[in-house]
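Below are the structure tokens for one structure; questions will follow.
The first chain written gets the first letter, and so on, giving A, B and C; residue counts start at 1 in each chain.
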Amino acid sequence: MDKLETMWDVCLRKNIKRRSFLKSCAALTSIMGLNMDMLSKVVAAAEKNPLPVVIWLHGHECTGCDESFLRSATPLTSDLVLNSIALEYSHALSAAAGEPFEEHLHQTMQQYAGKYILAVEGAVATAENGIYCMTGGKPFVSVLKEVAKNAAVIIEYGACATSGGIQAAKPNPTGSVSVREIVGNSKPIVKVPGCPPIPEVMTGVVMHYALFGKLPPLDNEGRPKQFYGNRIHDTCYRRPFFDTGMFAENFDDAGSKAGWCLYKLGCRGPVTYNSCGNLRWWNGLSYPIQSGHGCIGCSNDHFWDEDPFYKRLPEYGPILGDVDKIGAAAVGLTTAGVALHGAMSVVQKKKRQAAEEKSDGKKVE
Amino acid sequence: MKRVVVDPITRIEGHLRVEVKVDEATGKVEDALSSGTAWRGLELIMNDRDPRDGWAYIQRICGVCTTAHALGCLRAVEDALGITIPKNANYIRNIMAGVQSVQDHVIHFYHLHALDWVSPVEALKADPVATAAMQNTVLSAYKVNVTGPESLDTEAYPKEFPKATPEYYQKIQKKVKDIVESGQLGIFAAQWWDHPDFQILPPEVHLLGIAHYLEMLDKQREIVTSHVVFGGKNPHPHYIVGGMPCSISMDDMNAPVNTERLAIVDRSINTTINLMNDFYVPDVLAIGKMYVDKGYVDGGGMAKERVLGFGDYPDEPYTGTTNGDFHKNLLYRCNGIVEDFGKGLDAAKFYDFKAEDLSDPEVLNEGVEHSWYEYPGAEGKDLHPWDGVTKAKYTGPKEGTKTDWKTLDEDGKYSWLKTPKWRGKMAEVGPLSRYIIIYTKIKKGLITDPTWVEKMIMDQIEAVSKVLNLAPEVWMPTMVGRTATRALEAQVHAYVAKYYFNKLIKNIKAGDTKVADTTKWDPKTWPKECKGVGLYEAPRGALSHWVVIKDGKIANYQAIVPTTWNACPRDNKGDHGAYEKAMMDTKVKIPDKPLEILKVVRSFDPCMACSTHLYNAEGKKIKIVTTDPYLRTNQE
Amino acid sequence: MIMHEEPRKVYYLFSPFLRIFHWTMVICISFLFTTGLLITKPASGGVSMEPTFGNILLSLDLIRNIHFIAAFIFVAAFILRIYGFVINKGDRLFPRVWKAEFWQSMIEVSMHYMLLKPSHRPYLRNPLARMSYVGLYSMVFIEIFTGFAMYLMVNPNGFGAKFFGWTIGIFGSEFMIHLIHHYIAWAIMLFVIGHVYMAIRADFMEREGEISSMFSGVKILEHEPVDVGEIMDKESSDTFSDRKPLHAGQQETKM
């Protein structure tokens, strides 16, 4: 991403006269609901280097990602939102509603065209032209396309934005899909999965940009490597119990009390990439496994259709049940079939030999 | 007459739209419609899932009141399967529910609602020295001192206390100034800061409000620390059917819960109580007092006519909800319906709500006359949740196209919310409703042995009535009352968490460490078919979850959530729901800047994604007030 | 009763490389399958134990390491298979699906195995068996790719993950990869049963030295096989026919 230009830079680049620049500053002043005696300050501000601008959109979601964002301790959300970024549009936090806010957003999108960060929380409902998620009287899908067009980078926050989330679970009545499926790969997309993602992971992505002036390094799926670089299983403090073969067999049994591995209670840690095992929640306080419940794999694509959550292989058989039981039955049946076939083959051979002997006898005669 | 549309409404959960007809001469709202503009189909997604997983799915209805739906679902499934959870699990769940309600209320007031009351622009005019003095006045005049239940006194002195130092307010003011001068207002951008309602409060209150906005933003996470200890994370902590996954052991180093973990929970609850006593309640009362003194006692609407509650906080484990056991040992017995509270206590009528009512198809049901759904084979009927059908039928707006609305059709279908009814009538739910019910029940002698929670509520109401110098029937069913009772309730919830923490410690001390009953974990132990209901008093009001389990799978799932009660579209008789009624009970000063409408809608703490429209009855000039950039083309 | 003392011919077919590979595969698959089952459904250690003193036999760490080592040996043994393929025509078992004759043979052999035909024409490498090997190799390749995807995604940014990680994308998620890996393992077991049975059957019923061929590399046939041209030139075939016929049951010890 390029360094953000000031409003005055934009005017210079576009060869706009100082007078027009001042005029737009005046418009901006009134849009911001400020008195005209603030104009000189606004003009001064427009000539300074601004903070990275963030526009945050909401699709089909539960607002849990906003809540998670607010829970961040390092950085504190207040510090981030007031000092490191300019969160110009957010359904959750923005003071405004109504026409002036709309004007403000439009202005923001124009002024920072190609430079703003678009954060999206929630899935995109596509069934029946998107009427299952209407915002501002229009389908969210069309809103997203419009705002994405001039974004410098898109951050997909949470399972809904990264893979459709809960509403995309079978039978997906609203035809919900991820943001990437709508905007394609034309823009850099940072994928921050989780239901919700860990607070410090959410703010960390933005903080990285604020501190280093560029996006954090991403893996081939677009996830920040520093937050999704390992499986929970490979960073879990209960891993030694797995390795030694010490498992909780039921909830609240001796193994559960001793804090043994939850693999047999369906833990998805072995297939889930997230920072739960090392960052943990509340700056290292706990994470689901530490609190005695297996991971449900909430940062995996389409994890909602990998239920039931309390079953792992071999009990997890989405089609017919316990895979090992099915396998053993199939082996039994095959063996029986083979034995039967063998017996019948012997009978057939005897018959053939008898027939051959008969014909041989005839030949001899 | 002018029709104004606001879509989407910000600082809420989800997608909401409202349209109101305003008489420009008097500012009176003649008609209002509220429309939930998104449908995610979670009821359909629940079908055929394992009931033990249900809580995780349905918890994702909402991440703001995260846990409310998980608890509703667990209670419904446990009711269906006949599971009684162990004592410790009951205490832990109640701690989590208590702090969740507090945190939710705090986020609502300071971060979703406050910027309708206080303005950073006004805060610039404040004198930091006077603000520090005002902080002291607020603490001395507006604290509601309550005596909590008997519990372990583990805190030496309050750790969280409002700062009343001029320099602190100078720094806050400087930060606000820097932001305003930077031209990048961020979250403070583009509110109607010049609206006359922002002149009601003196500048010092604005600066105080902004300071506490920021302070609570940093602190609110500490309120729900117990979710992270017991449930592993927040939002969306983990539970299990039959109890809690967090085993307790003092004999194992790796146990999810041990002394140190309990100390973390205790610290967080103490912090929570501090924040309620010294920040939230005094702040709300101080602001509320100034509003009430200037005559703002409108926005009551449905609260004056009918409120509903189910009751909550089972003191000890219970065997089921449908068998009536749930209602036998509640701490917060707000189960019932109060009609006509606005006409005074004497005229108010009370109707009890009992377990039998849950299975009676005539008592609770939902209609879809004005909702984008249909009931095939049962057109025009109201269906009981166990027989509920969720089948979408989108008809589009009155004006505009299906994908580009201008105005919605108040005579036809216009919302993704159903219309829930109690005996054929709509009702308001929420903290205000619960307070009205408890107050009425006690004053009318229906509760003769109030629990400590109920006593505390009565004390609070009395104290506030004294401060406001108004009778409860007057100040409670108003927009200010709705916001004030939420703050008072948060204070109660904080002590509820402390109370159950105390019980948890006592029970562990007595040698009981069981947190889960897994005797019915295996689906083979379940009946072939069973039904259950889970009741829960969520932060936004009475919540009920309804489940039908067949052959070990969920066969039907319906939830009637508080916001459905409040934000529902009108019924077949044209009667309005709580949002619509409250808007119609609100005066709008400037139709183009309907701050009052937003404020009254937000006083319900909407939990949906929605939008509001104010529109011109003659259809001449439609003024669309929107927070959404893409409506530009629609305008004028 | 008349005893048949029919003249039989010996055909050298399988290179030692293929034979070593075959038995390596047998051993590895046995280990992989057993340890695989234990990984999905581990035996549990008792209560009141500390990890350090855990029973080594229950150690998933050990079981997983056996699984991984067996997998590496298996994959390494493929080099032998490929070398044999290059130097020896007899090792080339890919079915000649592009030839009509192959399909006719398929039908003929199938008819016999369905007990509808008393016998089938003699083959060095039975077309039905050759088709089943395609199935086996496909399954083995799926196991290798899914297995390495799981193994190497420990470091998703590493070189190995780039090489195999894409497999996960094909099947949707890593959880599904575990499932597929497990289902295919069972399918391979079903193949094993059929394969062992057919080998024994051919050996006992047709006395073609099927089992011994995997040790000696030769098969002994009564009649000239239909597909003899695939493994030798005309001349060498002649050389074979010039040789003194061996009797059934006699084994050639030449490697």
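Assume a residue touches a chain if its C-beta (ideal position, glycine included) is under 8 Å from a C-beta of that chain, and two chains touch if they have at least 3 such contacts.
These numbers were taken from a predicted model, which means no experiment stands behind them.
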| item | value |
| --- | --- |
| Chain closest to the middle, measuring from C-alpha centroids that were averaged per chain | A |
| Top chain pair, ranked by how many C-beta pairs fall in contact | A-B |
| Distance from the mean Cα position of chain C to that of chain B, given in whole angstrom | 65 |
| Rounded Å distance, chain A centre to chain B centre (Cα mean) | 28 |
| Distance between chain centroids, defined by C-alpha means - chain A, chain C (Å) | 42 |
| Two or more partner chains touched - positions in chain A | 258 |
| In the complex, chain C residues that touch chain A | 1-2, 37, 40-45, 47-49, 51, 54-55, 58-61, 63, 113, 115, 118-119, 153-157, 162, 165, 172-179, 182-183, 185-186, 189-190, 193-194, 197, 201, 205 |
| Interface residues, chain B side, partner chain A - complex | 5-15, 17, 37-42, 44-45, 49-50, 52-53, 56-57, 60-64, 66, 107, 111-112, 115, 121, 175, 179-194, 214, 217-218, 220-221, 224-225, 228-240, 242-249, 251-256, 264, 392, 394, 396-397, 400, 402-406, 416, 513-516, 518, 521, 592-594, 598, 609, 611, 624-632, 634-635 |
| Sites on chain A touched by chain B in the complex | 7, 28, 31-34, 38, 41-42, 44-46, 48, 50-51, 53, 58, 60-68, 70-73, 76-78, 81-82, 85-88, 90-106, 109, 125, 128-140, 142-143, 146-147, 165-167, 169-174, 176, 195-196, 198-199, 237-238, 250-252, 256-260, 276, 281-282, 285-293, 296, 304, 307-310 |
| Footprint of chain C on chain A - complex, ascending | 219-220, 225, 228-231, 234, 240-247, 249, 254-255, 258, 263-264, 268, 270-273, 297, 300-303, 306, 312-314, 316, 318, 323-324, 326-327, 330-331, 334-335, 338, 341-342, 344-346, 348-349, 351-352, 355, 357, 360 |
